[in-house]
Amino acid sequence: MRSMPTLRQRVNAWFDHDLPSNWGGRLIGGFVALLIVVNVSSVVLESVESLRERHFATFWWIEQISTAVFTVEYLLRVWSAPDRISARFRAPVWGRLRYASQPFSLVDLVAILPAILGMLGADDLRVLRLLRLLRMLKLTRHSTAFALLWDVFREEAQSIGAVLFMLLITLIMSGSIMYMLESDAQPEVFSSIPAAIWWALVTLTTVGYGDMVPITPLGKIFGGFVAVVGVCTLALFSGLLTVSFMDQLRLRREQYRSLLRAGVAGR
Amino acid sequence: MRSMPTLRQRVNAWFDHDLPSNWGGRLIGGFVALLIVVNVSSVVLESVESLRERHFATFWWIEQISTAVFTVEYLLRVWSAPDRISARFRAPVWGRLRYASQPFSLVDLVAILPAILGMLGADDLRVLRLLRLLRMLKLTRHSTAFALLWDVFREEAQSIGAVLFMLLITLIMSGSIMYMLESDAQPEVFSSIPAAIWWALVTLTTVGYGDMVPITPLGKIFGGFVAVVGVCTLALFSGLLTVSFMDQLRLRREQYRSLLRAGVAGR
Amino acid sequence: MRSMPTLRQRVNAWFDHDLPSNWGGRLIGGFVALLIVVNVSSVVLESVESLRERHFATFWWIEQISTAVFTVEYLLRVWSAPDRISARFRAPVWGRLRYASQPFSLVDLVAILPAILGMLGADDLRVLRLLRLLRMLKLTRHSTAFALLWDVFREEAQSIGAVLFMLLITLIMSGSIMYMLESDAQPEVFSSIPAAIWWALVTLTTVGYGDMVPITPLGKIFGGFVAVVGVCTLALFSGLLTVSFMDQLRLRREQYRSLLRAGVAGR
Amino acid sequence: MRSMPTLRQRVNAWFDHDLPSNWGGRLIGGFVALLIVVNVSSVVLESVESLRERHFATFWWIEQISTAVFTVEYLLRVWSAPDRISARFRAPVWGRLRYASQPFSLVDLVAILPAILGMLGADDLRVLRLLRLLRMLKLTRHSTAFALLWDVFREEAQSIGAVLFMLLITLIMSGSIMYMLESDAQPEVFSSIPAAIWWALVTLTTVGYGDMVPITPLGKIFGGFVAVVGVCTLALFSGLLTVSFMDQLRLRREQYRSLLRAGVAGR
């Protein structure tokens, strides 16, 4: 006979995604997601001076209410952690601490910290206001697509690292050579190697702002060379990631097939 | 004995692409396509002031004639819908309504609506004039290549959505950080987070207009980081769509082969 | 007994690439290639005013000598065409005409035409001077890599066409919407739909010159949307061409293998 | 019985990567890598005038110490070369010369040459200062990822060459046509074909600085065409390199499998 669920078990049922989804959980999840979108929009729009002056009170209330909701949600999550399906959080103190140190729990904590620090007198710090934007990360909590993208990046970490390291060497080399070629003709623009490295970065990624442009013939020839190298780097990255995607997919398919075969053999 | 086709059946034969193509249908199709190209060119060129003044009458007549032709074509289509091969449109009233609510029939309706609304006195609305450009969509009606591209996009909707959502989060984060770093040095340019998000968008997509460029050392370092992330996002998109293309192709090939095998076994 | 080769046969041996390569042919080929490079460089550098004034005579002589050499080479080719291995050019008159109407023979003809037309008094026409640059195409005559790239493009002609058509529709739509959104705020910059289409093109291809940039909030939101669509289009192109490359490669490998198998079975 | 290692053998054990890695070698390697990073940063930052004036002595000492360390390391390497595992360097004189002419030994030599040439009175040459940046290449010595990237590039050298050659022809053609179209409207900007080729390069690689932008209708139409060709070239590069990556990977996998099979059969 199943015993009546305690209050803590019922609260946990809203947040534990190893349990079947229920109305309460979906409602709370949707409300929190909505509040995050409203809150992030509020932080972004507050930076526009005309809006800040006109709707100061609105922004303030959005912040207070969402902080309150996020705090309550966080406390409920931590409080009900021992009732989770996963046995890792069962111990009343250590289980809760372990739950609180999960990556997504830390994101939840970061989401309420700025407001709490703000109440403690650190209200004017800009960095704090931006930390509130980290609340957006709460939205990516249950996405499976993110997991796939993350797998691809982690799988290719070494190759991506190699390409980025190669990019760094190319940047320093290109910047230095361009500094040598252009600093006499445009001493104001190509004023130092770091400045020229900024040019190299803008060119290699094919962004091309146009704030720094070579004007000497040699500078233009070398600039063209750097632009072509940039296109090649882009192509290299595409190739690398495409191959990794395909490998991940094939792997998953093979795992699925062997599972299927094992199932058929077992019957 | 096949009975003599009625007038409505003969008209339907021009438009029903489940029937074998015939001279009448191809002629009408070609003429309508030509008229669409002429009409769209006319809308585009009419916006150039010097041309509008000189060729006002020409633009007016092109519009009137093409509207008349599109209206007649639309009415003939709807009128002859009950004679279509597909049984779904057989009922005289409901069949025609069902045909009229097909996506491409709606495009056809949109193509004539602006002119009709214009006659009813709403002539000066700019939006109406632009709606006429939707007539171009009529040209994509029978393209098989579009169907393939569409399949790829629909198949990858979830992944593309995840990338776009990640892009949005990256945009807001990058914009906010850049606003923090640059708003003191360039209060006019990086005037608010939304303005800085525009910079982030222009940089992440590697468009790089150059209307907003970081000038502080920290801003440039972070800007370079954002540009590199942009290149990675581009590469990610390429990889994702390449893999999807290959899957679609393999699927079609396998379907084709199993059809072939079934055919051989059946004989 | 092999008869002594006639003069025409010996001349043909220099140019006929179905025959084994020989010293005479390689020497002439190398000399002509060198002359093309010199000639093209001369055309390009002649456009720089300071160089044109200083080295007028040099440019003139390079042009005269290379025209003479290209003319003699062209005439020798056509004259010796009936001695080619391929039987298609055997007839003395029709064979030579057929040879002269081959794509690469036409390129050879175009390479000498401008100079000849120039002698007939049309010397000042700029277009003629540029036609001389077509001589570069002679350099691609024997490249196998070009053949592969060409195959990929031809194989994917339909898909590329569909993407380009979609691009065109997107361009006209984006330009028109941007014209509606920005023409009030920047009547000088977004002066007409064609002007706005130029903006759309520069943005969709992620070139981003920065000569036209939206400044209204709505314009920036829509501009960002167009930039993201541009990135997707780029990714789509990459995916399409990657898949096509792989198909071409697999095809060639399978042909190679079936050839091998047939050879083993035949022995 | 293994004899006591001589001093030269112990020194060689630090540098010979065919031997198992040991504490001495890792310590020296780490210290040299750190010194390279410090030295390269010093060269880059020295170019900023304000930093050069304030920290002149620091930059000077970093240079002297790192040159001394690199010199000692180089001499130790060459001196202990005859003790390497590889038999190619065994001869006392020829073996050392052969070791000194290895690519990475040459990089080591280049890393100390500028300072030595500087001591001989060539101190003010800018090129010498930049040569010091080549020390960065020492960091890539043992990377396996670089080896893979290098293999892909070498494998595809011919195709990449063909694409680059096609790019060059397209550049010259596009530049010349744009010069013809725009030089009348903007004689200052599109002043010569080389200038217009710079525009074509900036457009084809989708960098788009915006320093040169067509303004005539024909120029814009042609400019748009060039931008689209640039997007196609980018896609082509991606496709090419993706396919090559996949081939390299498949090759390695097949080699691995046949090794495995041979091992199983041999037992």
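Here the chain labels run A, B, C and D in written order, and each chain numbers its own residues starting at 1.
The rule is simple: a residue touches a chain if its C-beta (ideal position, glycine included) is under 8 Å from a C-beta of that chain, and two chains touch if they have at least 3 such contacts.
Fair warning: this is a prediction, and the values are worked out from it, not measured in the lab.
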More contacts between chains, B-D or B-C: B-C
Turning angle required so that subunit A lies on subunit D, C-alpha fit (0 to 180°, nearest 5): 90
Length of the line joining the C-alpha centres of subunit B and subunit C, rounded to whole Å: 32
Centroid spacing, where centroids are CA-atom means, of subunit B and subunit D in whole angstrom: 45
Shared interface positions of subunit A, touching two or more other chains: 194, 206-210, 234, 238, 240, 242-243, 246
Partner subunit C, residues of subunit A touching it in the complex: 206-210, 238, 242
Residues of subunit D that touch subunit A when the two form their complex: 40, 43-45, 47-49, 126-127, 130, 133, 136-137, 139-140, 143, 145-146, 148-149, 152, 160, 164, 167, 194, 198, 201-202, 205-211, 233-234, 237-238, 240-246, 249
For the subunit B and subunit A complex, residues of the former touching the latter: 158-159, 161-163, 165-166, 169, 172-173, 175-177, 179-180, 191-194, 197, 203, 206-210, 213, 217, 220, 224, 227-228, 230-232, 234-236, 238-240, 242-243, 246-247
